[in-house]
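Going in written order, the chains are labelled A, B, C and D, and every chain counts its residues from 1.
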Amino acid sequence: VANNSFGKHFRITTWGESHGKAIGVVVDGCPARLELSEADINEELKRRAPGANAWVSPRKEEDRAEILSGLFEGETTGAPISIIIPNTNQDSSKYEPIKELYRPGHANYTYLKKYGIFDYRGGGRASARETACRVAAGAIAKKLLATQNIHVVAYLKGVGDMSVDMDMSVDLSDLPSVLKARNSSPLFCPDVLTENEIIRRVDRAKSEGDSLGGVVECITAGLPVGLGDPVYEKIEANLAKAMMSLPASKGVEFGCGFAAAAMRGSEHNDAFGVNGLLSNRSGGILGGITTGELLSLRVAFKPTSSIKKQQQTTDLQGNIREFTLPKGSRHDPCVAIRAVVVVEAMAALVLADAFLAAQLQPILQNACASYATSVPSL
Amino acid sequence: VANNSFGKHFRITTWGESHGKAIGVVVDGCPARLELSEADINEELKRRAPGANAWVSPRKEEDRAEILSGLFEGETTGAPISIIIPNTNQDSSKYEPIKELYRPGHANYTYLKKYGIFDYRGGGRASARETACRVAAGAIAKKLLATQNIHVVAYLKGVGDMSVDMDMSVDLSDLPSVLKARNSSPLFCPDVLTENEIIRRVDRAKSEGDSLGGVVECITAGLPVGLGDPVYEKIEANLAKAMMSLPASKGVEFGCGFAAAAMRGSEHNDAFGVNGLLSNRSGGILGGITTGELLSLRVAFKPTSSIKKQQQTTDLQGNIREFTLPKGSRHDPCVAIRAVVVVEAMAALVLADAFLAAQLQPILQNACASYATSVPSL
Amino acid sequence: VANNSFGKHFRITTWGESHGKAIGVVVDGCPARLELSEADINEELKRRAPGANAWVSPRKEEDRAEILSGLFEGETTGAPISIIIPNTNQDSSKYEPIKELYRPGHANYTYLKKYGIFDYRGGGRASARETACRVAAGAIAKKLLATQNIHVVAYLKGVGDMSVDMDMSVDLSDLPSVLKARNSSPLFCPDVLTENEIIRRVDRAKSEGDSLGGVVECITAGLPVGLGDPVYEKIEANLAKAMMSLPASKGVEFGCGFAAAAMRGSEHNDAFGVNGLLSNRSGGILGGITTGELLSLRVAFKPTSSIKKQQQTTDLQGNIREFTLPKGSRHDPCVAIRAVVVVEAMAALVLADAFLAAQLQPILQNACASYATSVPSL
Amino acid sequence: VANNSFGKHFRITTWGESHGKAIGVVVDGCPARLELSEADINEELKRRAPGANAWVSPRKEEDRAEILSGLFEGETTGAPISIIIPNTNQDSSKYEPIKELYRPGHANYTYLKKYGIFDYRGGGRASARETACRVAAGAIAKKLLATQNIHVVAYLKGVGDMSVDMDMSVDLSDLPSVLKARNSSPLFCPDVLTENEIIRRVDRAKSEGDSLGGVVECITAGLPVGLGDPVYEKIEANLAKAMMSLPASKGVEFGCGFAAAAMRGSEHNDAFGVNGLLSNRSGGILGGITTGELLSLRVAFKPTSSIKKQQQTTDLQGNIREFTLPKGSRHDPCVAIRAVVVVEAMAALVLADAFLAAQLQPILQNACASYATSVPSL
């Protein structure tokens, strides 16, 4: 069943396995005349790429995207944009020893049961490598949103019970500063104290052959009132789908999120003032439609499944076996770190789609408004 | 933009406003030959209906569904099933005093900005009344799943910081008992002690003109391995979209959910044993595909926006005004209670859709398997 | 499998059988603020209704549509518009004698094989009665298009080898006159001489217990350049799908159509002049996109399958039987006549959808054009 | 607006321009475990490739497809199959002289008006080169259908008023012979006498700097009863959409097609006999569902727009100009010839999609049938 496309108006189709020749994405529905270059995409890919520092996977993936179609003289043409990212650094041989084992926390179990076939080298479509394609497509979505002064910013909110506390109505009013701090952090964490503590924890887990979970927060600024289409294309519904389609994500929340379940209406409701809402506990959404305030969401990521510690498993025949990661395996000690870039990309894709969808309504309001005065001649 | 359909293979299209003549749903894609009657649907609607007890909205909605198409001699025919639920108990006049005001926590602000028009009587499409249609359609999905011995069970997990603690591998092994307890609870809460405490809190909030948020948990038993289609139609992605399309929902999580973000890989990974997984922290999902274990999710609902306490707002022209609910307004003190039935319905719709999608794969495996031996004659 | 929705942005979902309680349609995606009333819809339904004269089915179907949702104070609100048309004149008993027989030219054979169940009373979803819902929805699409001065006009082109010859660049320049002549014809045929000959032929076929096929032509005026999205949502691709989804249609062609296959390039190419194209052999489409000229298409309808003459068939068990229409059966001697109204509706639905889709592009061109001068502040 | 995907369950997304680096297609939804190799695809591409003989375009396109994903050990895995075909033989420079002119019969006019940008080198997305991707994807669809003994065969039916007369119930009973004759014909025309006459005509038109239109017929054998989903996913509706999405196609018809419009019901109806239908005027479809008989359709192609004869046009500013093809331009004298391969591919794509869709129904019939006896335990 076809399941590798996301989005309705601004639609992506991704393909490729972690250990094949390449991975790629086709972006369909991007309007014509947007300035675009390979550099725009590679800059984003570089942010996601492993090997950058001690707290992410030491793999060296080059991740250089090539645009194969959809551009003419530096601008989009309305035609589909095909992007290819060659796989250059995979080493399949090391997977040989575990090819007959179910990997704890991994999808080779469910893929094998569902499809009856699984490429044991790497994670196939379930590999986080697939998210590079989302980032490549997200770079285009971000560029489109930027033409409207809409900006999506994600950062590492926390790891374990440690987390950055941002007051959306105060700290984030200076989003450029947050962004700057985030960009200079190897962990995408805009608060130095938190960052240091997270580094300590990641280092410890790593040294113990273990991994950590984490939470990514994503803020969007500059949204107009009106994006999102109730009742089934609500903006948070599509954002939630986007986030839960990511590998390792286990939850998503908006505004006060789960904390709202412990609040009273008089505490949670945002009052209306002369210049819009006086607070933003709703996270920038009412009735599935953006309010024009900052849109905020958080995504929970489970700890990386691939750990050095020995674990129990079975082989494909059901015999009890010990599972040990192949020597030389390279994995992120905390997937939430690099997920920051992917969350940002997915949010941008959903918002670009919603932005396009919103064009259908205002235009027509005008058309119909002018209807009263223009009597059709026929 | 068309946004009132949900699902791909088992697809619903809902329509109707809280203060119009009726609401309804068209269910498209239900396979032929499923036994179905209006009673099947009305039984579910009755569970969601307000007026049942002191802790839900005192409105008396009859909510009797009529099936207008798609049946022949008590069975579905493969044709679309149109269900209509007349609106019988609405009183639009009481909304007159607030027709010019933005309602705190409500969607009339965003609807007005987006569409330039809003039926001030009731909540229009943003009304929780719309969810009756989801429940009606969900009744059919549940019936379809039941033919496969798949059962979806939701219950009120908690209100405020009070919550039922279910151990998925212990307490839920006796799902029929949980179900029985849930069914005999006016709050859909299967634990009597928790239920009593929740009742106390709801009573207090109500008496103070306030409202409460809450969390609904949903467990599905009997799922085969293999439902869900990575990478963008992962089972949790579609469940998340379904839940976040509900009025008042602010977050959704699967398995350990946000708690997973504070765990280590060695704690979170479920080991494989001779008879499948030895634990179920993943919530029954690996790589977006069901593992065959209990599928578990939780949805956070914000406190009801409509409260008796006075709140600040503005009128449509931006003048500061006090907002007071019209006299005689009837609202749920805690939307999470009745949401239990709706969460169950939405989960059933997603799973029925995924179940149908899964038919595409196994059949063909067989076809292709038999390919080797059957040489095409042409 | 869900198959009762048509269109992407302006989407309809139809339901109902010819012998059920009602039929209906949900129109989703109509922009807000379009003036609309039940009269708008009933006027179109009346044109399609049988019983109008001697050359269509003598059934008396009242076909009065009721709008159940989506309107407020005479305007659309952006919410789905649910329309219901009660079935008032069906007599199911007369189908008893043929309930065990395959009907020549009919779909009860394929429905039974596919679904394992068929409501032998009437034609179920395969009944031409279903097209009333398309006409109801088409009425809204036509109203939307009229706000843009786009007008869709279909007429009976011919029956047998007799057909009206319209020169698109001459006769149709006076489309209002054509329209007037069409509207005053009981056969929707704008040419009186042709009409008279067609009447003679229909009368003869009818008296012999037989039926006739026919061709409907559909012209759209006022289209801007730019509707249609290559490569798979070309305007003619979606129009072809729409027309071939109609009962009894067997072919569709655009511009010169099949005659183009017998032409040379030098004859067929339309030259460009100072004010657009100098001829219109392409039928108003180049590369799947409207050229701004009249869009023209023709649909071939087979002769009505239900005829009084005796035919050979088998019963459901495969025994040879004679098939005779039940006494009192009422059928159109030539389905192409009433199909005129349905072709018009389907064309309007496709064009309204394409019109909405086209809003996604120009808006953004402007946005991107203005991008150069507006430097994003972040 | 996203428009480069086709199909619902077996879905393709194509990309690439005639003068870019490459073209390609992503096939999504192909079931796992289908044997597949690059040779399977290249064999089909070779049939479509120009340069084969004197009656098609003399361009030398190598058209060697590379499969970049979705395979493991020679079998599909359920993951998307990405196919890339490098562009190797394009010469963009020769388009310089006509970059400022609207090309008669071409889409650069409408593309420029719609998107505000057009790659004047070649035809961009409107180029027939795009159809190579359809053929590549169609090769997989054909392989899938072959596992079910379903075979799609297209051939050149006619050019001008000359055409092969096939009696579907007689000549096509020996489809393998037809296929053999077709395969040995440079024009894909299975009748030698017709072929010779067509060659004479094409030669004459070519020598006069002109082009010819033509008709392609497509027959599918081995279909089960039951493919196609009324009312909007009728098999002929999707086939019509597929065919009218092809460059240069102007009409499509099924069974007797337009000739049916001149027939009487008693002539057109196919009677039922002991072993199915006694004739096949319906073309293998009743009520939008396959009958199990041969499915037949015909597509009309206009004459190639690119001709050597001088034509009138204007430049982008609206000044009258003479249009002459650039020296060395290489075009097919009759696009219908190579279109044979593309029609076959598109039919295969639609039928593979319908075949998958049909899996949703029978499985469930069994499930529901077994429902009566299996009482749910909960």
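By definition in this document, contacts are C-beta pairs under 8 Å (C-beta built on N, C-alpha and C of every residue); 3 or more make two chains touch, one makes a residue touch a chain.
What you see is a predicted model; the values in this text were computed from it and never measured.
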Relative to subunit C, largest Cα-centroid distance belongs to chain A
Please work out which of C-D and B-D is bridged by more C-beta pairs in contact, and write that pair.
-> C-D
What is the distance, in whole Å, between the centres of subunit C and subunit D, each centre taken as the mean of its C-alpha atoms?
-> 25
Using mean CA coordinates as chain centres, what's the subunit A-subunit D distance in Å?
-> 38
In angstrom, rounded to a whole number, how far apart do the mean CA points of subunit B and subunit D lie?
-> 44
Per-residue multi-chain contacts in subunit B, two or more chains = 1, 3-5, 9, 14, 29, 32-33, 78, 111, 114-116, 125, 356, 360-361, 365
Contacting residues of subunit B [partner subunit A, same complex] | 1, 3-6, 14, 102, 104-107, 109-111, 113-116, 125-126, 130, 158-161, 205, 210-215, 225-226, 229-234, 236-245, 247, 249-258, 260-274, 278, 282-283, 286-291, 300-307, 309, 311-314, 318-320, 336, 357-358, 360-361, 365
Subunit A touches which residues of subunit D in the complex?
-> 1-5, 7-11, 13-17, 20-24, 26, 28-29, 32-33, 66, 68-70, 72, 75, 77-82, 84, 111, 114-119, 124-125, 356
In the complex of these two chains, what residues of subunit D are touching subunit B?
-> 9, 29, 31-35, 78, 144, 146-149, 151, 175-176, 179, 221-222, 356, 359-361, 363-365, 367-372, 374, 376-378
